[in-house]
Structure formats: structure tokens, C-alpha cells
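Note that chain A is present in both complexes that follow, paired respectively with chain B and with chain C.
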Partner chain A sequence: MAVLDQNLNQAALTQLAQREHYTFFGLTLPYLVLVGAMIIIPIGWLFFLSFIGRDGSFSFENYERMINSKAYIRIFLTTFKISILTTFFCALLGYPLAYFMSQISRKWANICMIGVLIPFWTSLLVRTYAWLVLLQKKGLVNSVAVDLGLISEPIKFVHNTSGTLIGMVHIMLPFLILPLYANMRAIDPHCVKAASSLGATPTRAFWTVFFPLSIPGLLAGLLIVFVLCLGFYVTPAVLGGGKVIMAAMKISSNIELYFSWGAASALGVVLLVVTMLILFIASKLVSLDQFGQRS
Partner chain B sequence: MRSLLKFKTAAIVAAAVGFAGFSTASMAEDTLRIVSWGGAYQKGQSVGIFQPAAKAMGITVKEDTYGGISDVKLMVKSGADKFDIFSSGAGGCASGGAEGILEKLDYSVIDVSNHLPGMYSDYCAGADIFSVVAAWNTETYGDNGPRTWADFFDVEKFPGTRAMRAKVDAQLEAALLADGVPMEDIYQVLDSEEGIDRALDKIRSIKPHIAVWWTSGAQHAQLMKDGEVDMTTGWNGRFDVAKLDGAQVSYDWKTGIMDWEGYGIPKGAKNKDLAMKYIAEMMKPEYMAEFAKYITYGPTNKKVYELNLMEESRALEMPSHPDNAKHQLTLRTAWYAKWRTIAAEKYTEMMTE
Partner chain C sequence: MADSSLNISINDVTKTYGDFHALKDVSLEVTSGEFLTLLGPSGSGKTTLLMVLAGFTSPDYGSVKFGDEEVILKPPHLRGIGMVFQNYALFPHMNVAENVGYPQKLRGVSKEDTRESVDNALATVKLDGLGHRRVDELSGGQRQRVALARAIVFQPKILLMDEPLSALDKKLREEMQIELRQLHDSLNMTTVYVTHDQKEALTMSDRIAVINDGQLMQLGTPNEIYRRPNNAFIADFIGESSSLPATVKNGIASIGSAKLKGAQKLEKDGNFLLVIRPEKLFIATKKSRDANHFEGVVEDSIFQGESQLMVIKLDPQNYGEQSLRLRLPNGSAQDDELPGIGEKVTLGLKVADSYFVEAANGGA
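Up next, the complex of A and B:
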């Protein structure tokens, strides 16, 4: 009798689980359709177009061009160099700030957060030009520094790599701080206290307890910043002074130059493939699961 | 090209949004849509040419801005109907014509009998003449700035920072003139990869002194206004407007490389016949004279000078005035049709080295 009841229960439970399964699937369906329509299909189309030559027939010319001209490899190297450096400086500036914000009272942290978010809400173009006005040869920073006698010659802040980095780090910083801060706030402060009570110095407690727990937030932030940097256009165009040519800029100039989508699509495809490859290798080197278990 | 801040993607998006504003269904028979480059340039066109010509014909002309010939291609290839006429440089029209995305202009309707030689083509009816010049900061060099391209490339005689265009147009010609090639031989020398490399090597020789590669007319005007560079290549009209705004800038016609701008019609334009008549109207000298009051880009129709429609003092400021034109090289569109992609890729390679 008891065995029979159990079986009945089992069947009902399975049915329930299945229904739940379908419900969840139904809930994700709109998103899946959206991803299919807005991402998978366009990327497939992009991939297809990259094999169409100028005369409209199937051809590898768009890829051959990239191999034959050294400019393309340099542009890709620049793109990755700038993205990696921006990500690095974002982490260097963002981590201490997020840590500080997570340690103070919520009220003060919210005030700090406004400081992070106001630039975030300001137009990217406005911020980029603002840096140009501040940092150019006869800009505010240089003229004040020269007038005060701090420097004899204006410093070349913009129209080069450093200008591009200043602008991009400023724009990208909130993307690192927001996930990192959320992660740090969720870390139980008792963990660090427990470490201290067991005799760890504050430094030791930070590095062995707090830092590992903050890694998922840090990685999420780094990933968002890095990937967004790869497609940057306006900031390097304005602050790089033509010396920092990133992939997005070449994509647009190729449309103009070749009158064909293929010449631009091929660049997009290579950028996508290389990026996925880098992220794949990175995920193997820095095992995400390992950190997942620790946290 | 001359006046628009050309962030291509932004421009394409903006253009798409702008085009959406045109209501194609309700477009009446006597309405035309024209696009140009915006800024001080289109303001002059609008006040001096577009609107008075429309009024004279009793039609309505709606204006918008666009991002260049690639926008025309985008429109024609996608079968959209956004505008009937566009304002473009001769080179843009020539490449559009070669791509088969433009209507051939009917010169039995459009009268170009009084045009300066070569200032019209199958796909482009010339409207104004501009020059690429070497401009210098008068605060740095006073009156004795780089008056020739050889000076511009001489970093010992003229120490200081330079800016050149991020695109190849007119930059190779300048480099070869600096390298001692006589004006009449420029396009003969450039008619080979070796010639192009020779010009690029000349630019390489001063590359450490090139502080900025500019991408728009607004940008090179701003560079001079802010004193960010000591000299730059750029469009004469832009520098004249900047000077009126207080920029310390001067240039010599001996560095001039003349080029022209005109009107074209996209393939399959709905109001093609009316567009043709409207272009014919805009070719009249009085409109060109009026336009030239706003920006120093000279008329293609010589009647402007013959009928004394322009004051002598103003005429002397135009790139196409005989006294100025005699010093200058005329940009050869046919060379760009043949060599543009090769030269452009090599130019980018030189920039990224």
C-alpha cells in the first residue's frame, strides 16, 4: 500500500516538475526569439556577406585583403592593446573605489554612487569632447600648469594613445564599478571579522578572504569593459587624433572605400572570432568554476 | 566632407533617423528633397541657392543632411526613396557613377555652356569650386608661414606641429609637389604604385611632426582656432570662416589644390525630371554669386564674373578667381576613380606604421 502511494506521488511530482519546466521554457521563449532574430540571424548574415566580393559573387577577397595589407593586423593589435589597457586601468582605479564604497555606510556609499553615475548618464560624445577641451595643447590643464610654472612645455595628453585611454577609462569605469560594488556589498562582513578573530592581519584578511570573494564581480566587470572597448568608435576617433585606429573605425571607412558590405563584414567576423577565442583561452586560464566554488 | 563632423556610424544612424522624417507617401509632385553637408556650407547653399531657386520655380524644396556617397549607395541598393538630389564632391559622384547608383544628368535640360572647363561630369553638375590649401598659425609664423608645399614638408625651416587628412584625398598631390614634381606632371607620376609610394615616403619623412590626422572640416578649423597645431592641410572656406571667428590663420594660394562640388541624382529618384529642371535652375550665375557671399567657394559658372555679379574684393577671395587659380593644381577625378582603393589602403598602412 505504502509503496503504491509513493509511486503515485512520484508520478504527480514528475508531472509537476515537467509543467514547471515548460513554464520556465515559455518564460524564456520571448528572449530566445529576440536573440535569434536580433543576434543569430544578423551575425549569420554578416558572415555570409563577408564572402561576397565587390562584383557580387562568392569570393575570399575581403579576407585576402586583410592578410595582404599590414594595416589590418596593426589595427587589430591596436584594438586589443587599447581594450586590454583600458580594462587594466579600470580595474586599477575601480577596485579600490568599489572596495571603499562597500566599507562605508550605505548613505555615504549612495552619495559616492551618484558621483559614479552622473558621468555615466552624460552623453559619450559630450564627455569625449570635454576631455579634448581640458587636455589639448592650449586647453585648461596645460595652460594652468604652464602659467603656474609647473611645466615649461604643454604636455601632449590628447591626439595619441594616452588621450584615448583617458577618455575610454573614464567612460568605462562605471561598467566595472557597478557589478563589482554589488558583489562586494553582498560579501558577509563577518567572514573578514572571523579571519581577524583568528589572528589574521587586516592585509592578510583582505587577500585571503575578501579579495577571493570579490573575484566573480571583478571578472564580470572586466569582461563587460573589455568587450565594450573592442567596438569603440567615437572616443578613439576624437582623442586619438588619427593615431589610434581601432577596428570599428576601419569597418566604417571600408564601407565608404569599397562600397560593399563585405569589405566591412569580414572585419567584423575576424573581430568576433578573435574575441571569442581570447575569451575562451582566458576562461581556461582563469577557471571560473574554481572561483564560483570558493564564493 | 567639408562641414560635417563625419563620424560615419553616427552619420548613418542620424541619416536613417532623418530620412524617416520624410514622408514619402504624401510627397507632392512639386516637392523635391535635397541633402547636403550641413554646417556653414549648407547654410550658404540654403539661403543662396536652394530656397531662392525653389521659389523661382514655384516648388517646395525640403533639406536634410547626409553622410556622403555611401549613404546614396545605401539608399539605392535598399530600394528606399529618401531624397531626389544630393550635393557631393566631384570624386564622390564619379565613384557613385561607376557603381551605377546615379542617374545620368541630361545636359540638354541643364545648361553648362558657361561652366569653366571640366567643372561638370556625367553624374555631377558643378556648383562651386573649393581648394585644399596649407594653412598656418600666424601666431607661430607671422606672415612668413609655409607658402608652398615644400615649406609645409620642411621641418627644419618651419619647425612645428602639423596636421594632415586621415584620408588620402589631395594629400599625395601635396607631397609630390613638395618633392619637386612640377604641377603638370603630378598625375603622371601618381599613375603607378611607385609614384604613390614616393608620395607616401615624403609624408613618412615628416610623420613624427604630424600631431593630428583630421577627419572633418570642422575639426581642422577647430585645430587652427585652438592653436593645437601650427599648420594643417584643409579647405580654404573653412579657414576663412575660422578667421572671421578670430582664428590666427592664413594660407597662400600657391599651395592650392582645386576641386569642385556639384549636384547628382540617385538612380530611380521619383522626381527625376523635376530634379533635373531644378538643377538647371541652380546653375544660374545669380544663385552662385549669392552663395559665395556666405563662404569662399567660387562659382563654376563664369557668367558670375562676366556679369559682374560679385564684388571685385570678394571675387579675389575665391579659389577660382583667375589670379588665384593660376597658381593651383586641379584635382583629377579620373585618377581617383582608378587608384583610390589602392592609394587609400597604402595611406592607412602609412598612418598605422
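Up next, the complex of A and C:
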């Protein structure tokens, strides 16, 4: 009788487990459909288009153009230069702020966090045009500086690399600070205390203990910023004033001006491949969970 | 080993956070080579005092001397102390050997010497050959040992420990208590140990400083603290105890109509508590002159392995609503000789074990 009951239960329990599986699958289904229809299929189509030449036949001309044309090479160089510089300045500005926020009480850190997040919640376009207003020749920054006699002539902030950088750093900063701050908060403050009790000066304790432990958060932030920069469109388009041409802008002009879907697709594919390559290398360099956050 | 340790003089150390007195005029001498435990409930100020010694907390005023040297203004990294933290605070990005070698690296010790001292320290804590392990591969007890090795590798003269065993399970904790004690005896560093576990303090210490509400309540050997608590708080906090409110008049203590004989001379009149350790009570078959006696009824009898715990409800006419706990070692008496629940018993407490403390306001 007992054996019979057990068998009975086993069947029922298996059924229950299966039903649970189906439930969870059902919950993910809408997303899977969305990803399939909106991402996988278009990307496949994009990939296909990039191998179609102007005459409509299969060809590599879209890729050959990228290698042979100086304009394209310059665009790639600009894209990487702007992305690297933006990432660098984000780290330079963001790391000290995140460190400061991680060392003060949670209450004050939350207030600081609001300061970081308010711009983050404001429309990207609004912020970009605000920078344009501030930085242009007759803008607030220049006119105040001239009136105060700090400079004799307005400085050209916008429609060049510096304007693009200022705008992009401002917009990207939260993406660096958020993961970095989360990581720093999780660092056991006793570790730094232990280091100084063992004889480390505050500077030494920072560089030998705190900084290495913050690297996963820093890398995560750098990666997000860099990858976002590679495909960034609005801010460089507005603040660069057509003089700073990044890959995303070239894609747009290929389609809007030249109606060349093939060329645009090829550029998109290259951008995607480069991004994936960077993510792959980064994941090899440091597995982000390499350091347990608490001993 | 003569100069391998330093004495610590703490004088009038006071620390306030707003209106809260974390430490009130604490003065304490830790003699060279001593194992002293700061014992108190959480929030008592014991950890604050340890942090003052380590240099992480600056007191409002007061003096801390290591040997003859005033250190109150010295930053932690110049104090030359070894410290073990409650959660070990091992560096997760370093392996065991790098963790233990860290203080040596800071001190510019050569690679060979560092390796030798690291090996020695790991051997001292019985972790030989685990130097290459990652910290997250270790068990709690092993991490504890690494933290200890790291704190002693540079042979500091003072070792501070902040509840180092509190994260371990009971069995391991009790093993480590004895091991830490033996380690202290062989290294001979002046050790200040913080715990809220009174049994741990009794097991390990040369002397115990009981701290409550930021004040030093009593300083003494474990034996003194256990047998002769200064006040009701310590009597209750250290060890198991029951207490009976008693009044003292003209040097004679009494509960209701019954007079009690006490171990100490009572010079003050007022409300006192008779502190009764459960293991000092016995079931009296006949009354004797060298003991106090209490009549009651067995209310509960609980088998606890090595001992039998009995709760005796005292005769309400004489004592009011009071009960006493009595602990009898198992095996000494035949089980069937033990009184059953509901049976009347007479309890005895030797006069030498009858110790009074002044009742706190309102009694206990």
C-alpha cells in the first residue's frame, strides 16, 4: 500500500513540476517573441543587406569601401577617439565622486545620488540643447567669461570635439557612477581598517585594498559607457555640429542622404561585431565576479 | 620574550556621540603579556573602547599609553598593533599567503624573510601549506585563523581582537577559545579581547573588565567576577543565576521572616539581592548550620545532557512569587532519587556561597 502511494505521489509531483516549467515558459514567451521579431530577425536582415551591392547582387563592396575609403577610416578613428576620451573623463570625474558617496552615510549618499540621477531622468535631447545654449559663442559661459575679463574672445566650445566631449561625458557619467557606487558600497569597510591597523598609510591602504576591490565596478562602468559611446548619435550630432562624425551619424546619412541601406547595414554590422569583441575581451580580462565582495 | 609585549594604561577615556555616552571616564591598566577581556552586552561601549585602543575612534578626552608612550594622537597605522576583526576583514583579492604577508610587505621586509614569517605564522595557526588558497575557498574557522596569522605575523606587542569567534558555530568556537588561549600563552603578546559572551570571557581571560553603559563595572579574574560580582547587573550577566530580594538591617539579611547568613560582611542597610548560582544549590536532606535553606515545590525538571535543571517554586507565603533554578550533575545522583514534579523539597545553599549584591533601583 505504501509503495502504491509513493508511486502515486511521484506521478503527481512530476506533473506539478512540469506545470511549473510551463508557467515560467509562458511568462517569458512575450519577451521571447518580442526579441525574435524585433531584434533577431532585423539583425539577420541587416546582416543580409550588408552583402548586397548597389546593383542588387551579392557583393562585398560595402565592406571593401570601409577598408579602402579614407573617410570611413576617419569615422572609425573619430568614433574610437571620442568614445575612449569620454570614458576616460567619466572615470576621472566619476571615480572620486563614487568614492566620496561610498564613504559618507547612506542618507547623504542618497541625496548625492538624487543629484546624479536627476539629469539622468531628464530628456537627452533637452540636455544636449541646453549644453548648446550654454556653450555657444554668445552663450552663457562665454558671455560671462568675457564680461568678467577672463577671456578676451569667446572660446569655441561647440561644433567641435570639445563640445561633443563635454556633452557626452555629462550624459554618460551616471552610467559609470551607478555600478561603481554599488560596488564600492559592497566593499567591507573593515578591510580598509584592517589594512591601516596592519601598518598601511591611508594612501597605501586605498591603493592596495580599496582600489583593487573597486575594479569590478569600475570596469563594469567603463564598459557600459564605452559601448554606449560607440553607437551614440544625438549628442555628437548636435554638439559636434557636423564636424565630429561618428559611426552612428554615418549610418544615418547613408540612409537619409544616399538611400544606401547596404552601406549603412555594413557599418552597423561592424559596430556590432566590434562591440561584441570588446565585451568578449573584457570578460576574459576580468571575470566580473572574480572578487567575492565580502570575505 | 621579556620585551615582546607592552602594558596599556587607559585613563579617563570618555567618548560621547551627541547625548549618548559611549564611554564614561574609563580607566584601566592592562599589564604586559596579559589576556584581558572587555565583556559587556551589545551597545555597552566595549567595542568603542577597543577602537580607541586601535586608533579608529578618537575619544573626547583621556589618555591611552602603550608602555610609557602616549598614543592618543597616533593614527592607527603607526600604533603597531595586531588586530583581528569580527568578520575577519580578509582581503578578498589576495590569497592566504598574500593576506598574511601584507603587513610584512608594508614594512619593506625582504621576500625571503616575508615567506619565512608567513610560513611561521601559518604554522602557528595550524594552516601550514594553505598559503596559495583563495580566501573564499576557506571555511569560517580557517578564515579566522588567517586573520589571526595576519595580525601576529609582524610580531606586534599588542593584539586586539573584536569578537573574533562570534561568527563560528558553538563547537568550533569552544575549540578556538582554548586554542587562542594557548596561542596567547606561547606568544605572550598583551591581548585585549572583546566579547559579549560571558562564558567565552570566563574561559579565556586572565582578567575580565565588565563594561556596561560606557562604564567599567568590575575588573577582576574570572573567578572573582563569577563568585563576587560587584552589583546586580554583573550577577545577572555573568553565568546563570537566580536572585532573591533581601533586606539588610544592622548587618543582618533577611527574606520575609527568614534570616539569612551571608559570606560577606554587610555594612550597609537597604535592599540587597542574594545571588544564587544553580550549581551551588543542593537538595538538603537535613538542615545544617553552615547553609541557608529554602522550602519549595518542584515545578519543572529538564534533562540537559550533562546536568539536570530543576525549577523550584518557593513557598509563596515566605518568599512571595519566586522560583530558583537548581542544577544537578547527571550521574552523581540516581535518576529515581531525584524529586519529581510537584514534590516538596528543601534546598540548601552553603553560607560560603551566599553572596549579596546591592539591588539596582527597584530591585531585580
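Note that the second predicted complex is superposed on the first by the 228 of 295 C-alpha atoms of A that agree within 3 Å, B and C clash if a C-alpha of one lies under 4 Å from a C-alpha of the other, contacts with A are read in each partner's own complex, and residues count from 1 in each chain.
Heads up, the rule we're going with is that a contact is a pair of C-beta atoms (placed from the backbone, for glycine too) under 8 Å apart; a residue touches a chain by one contact, two chains touch by 3 or more.
Being a predicted model, the structure only gives us computed values, none of them experimental.
Asker: After the superposition on A, what does A:L165 contact: first (chain B), second (chain C), both or neither?
Answerer: After superposing on A, A:L165 lies clear of both chain B and chain C.
Asker: Considering only touches as defined above, state whether A:S197 meets chain B (first), chain C (second), both or neither.
Answerer: In the superposition, A:S197 touches chain C alone.
Asker: After the superposition on A, what does A:A248 contact: first (chain B), second (chain C), both or neither?
Answerer: A:A248 contacts chain B only, not chain C.
Asker: When the two structures are overlaid on chain A, which partner does A:F259 contact: first (chain B), second (chain C), both, or neither?
Answerer: Touch status of A:F259: first partner only.
Asker: When the two structures are overlaid on chain A, which partner does A:C90 contact: first (chain B), second (chain C), both, or neither?
Answerer: Touch partners of A:C90: none, neither chain B nor chain C.
Asker: Quick one: is A:I75 in contact with chain B, with chain C, with both, or with neither? Answer first, second, both or neither.
Answerer: first
Asker: What is the contact status of A:V234 with respect to chain B (first) and chain C (second): first, second, both, or neither?
Answerer: In the superposition, A:V234 contacts chain B only.
Asker: Just chain B (first), just chain C (second), both, or neither: which does A:L219 touch?
Answerer: Touch partners of A:L219: none, neither chain B nor chain C.
Asker: Counting only touches as set out at the top, which of chain B and chain C does A:Q136 meet: first, second, both, neither?
Answerer: A:Q136: touches chain B, not chain C.
Asker: Across the two complexes, what residues of chain A are contacted by chain B and by chain C?
Answerer: Common interface on chain A, chain B vs chain C: nothing in common.
Asker: Enumerate the contact residues on chain C facing chain A in the complex.
Answerer: 54-56, 75-77, 79-83, 85-93, 102-103, 106-107, 135-136, 143, 150-151, 154, 160
Asker: Would you mind writing out the residues of chain B in touch with chain A in their complex?
Answerer: 7-10, 68-70, 73, 95, 99, 166-167, 211-215, 226-228, 340-341, 344-345, 348-349, 351-353
Asker: Taking the touch rule as given, give the residues of chain A at its contact with chain C in the complex, in rising order.
Answerer: 188, 190-191, 193-202, 204-205, 208-209, 212-213, 291-295
Asker: What part of chain A is in contact with chain B in the complex they form?
Answerer: Residues in contact with chain B: 65, 69-71, 74-75, 78, 136-139, 156, 159, 233-234, 237, 241-243, 245, 248, 250, 252-253, 255-259.
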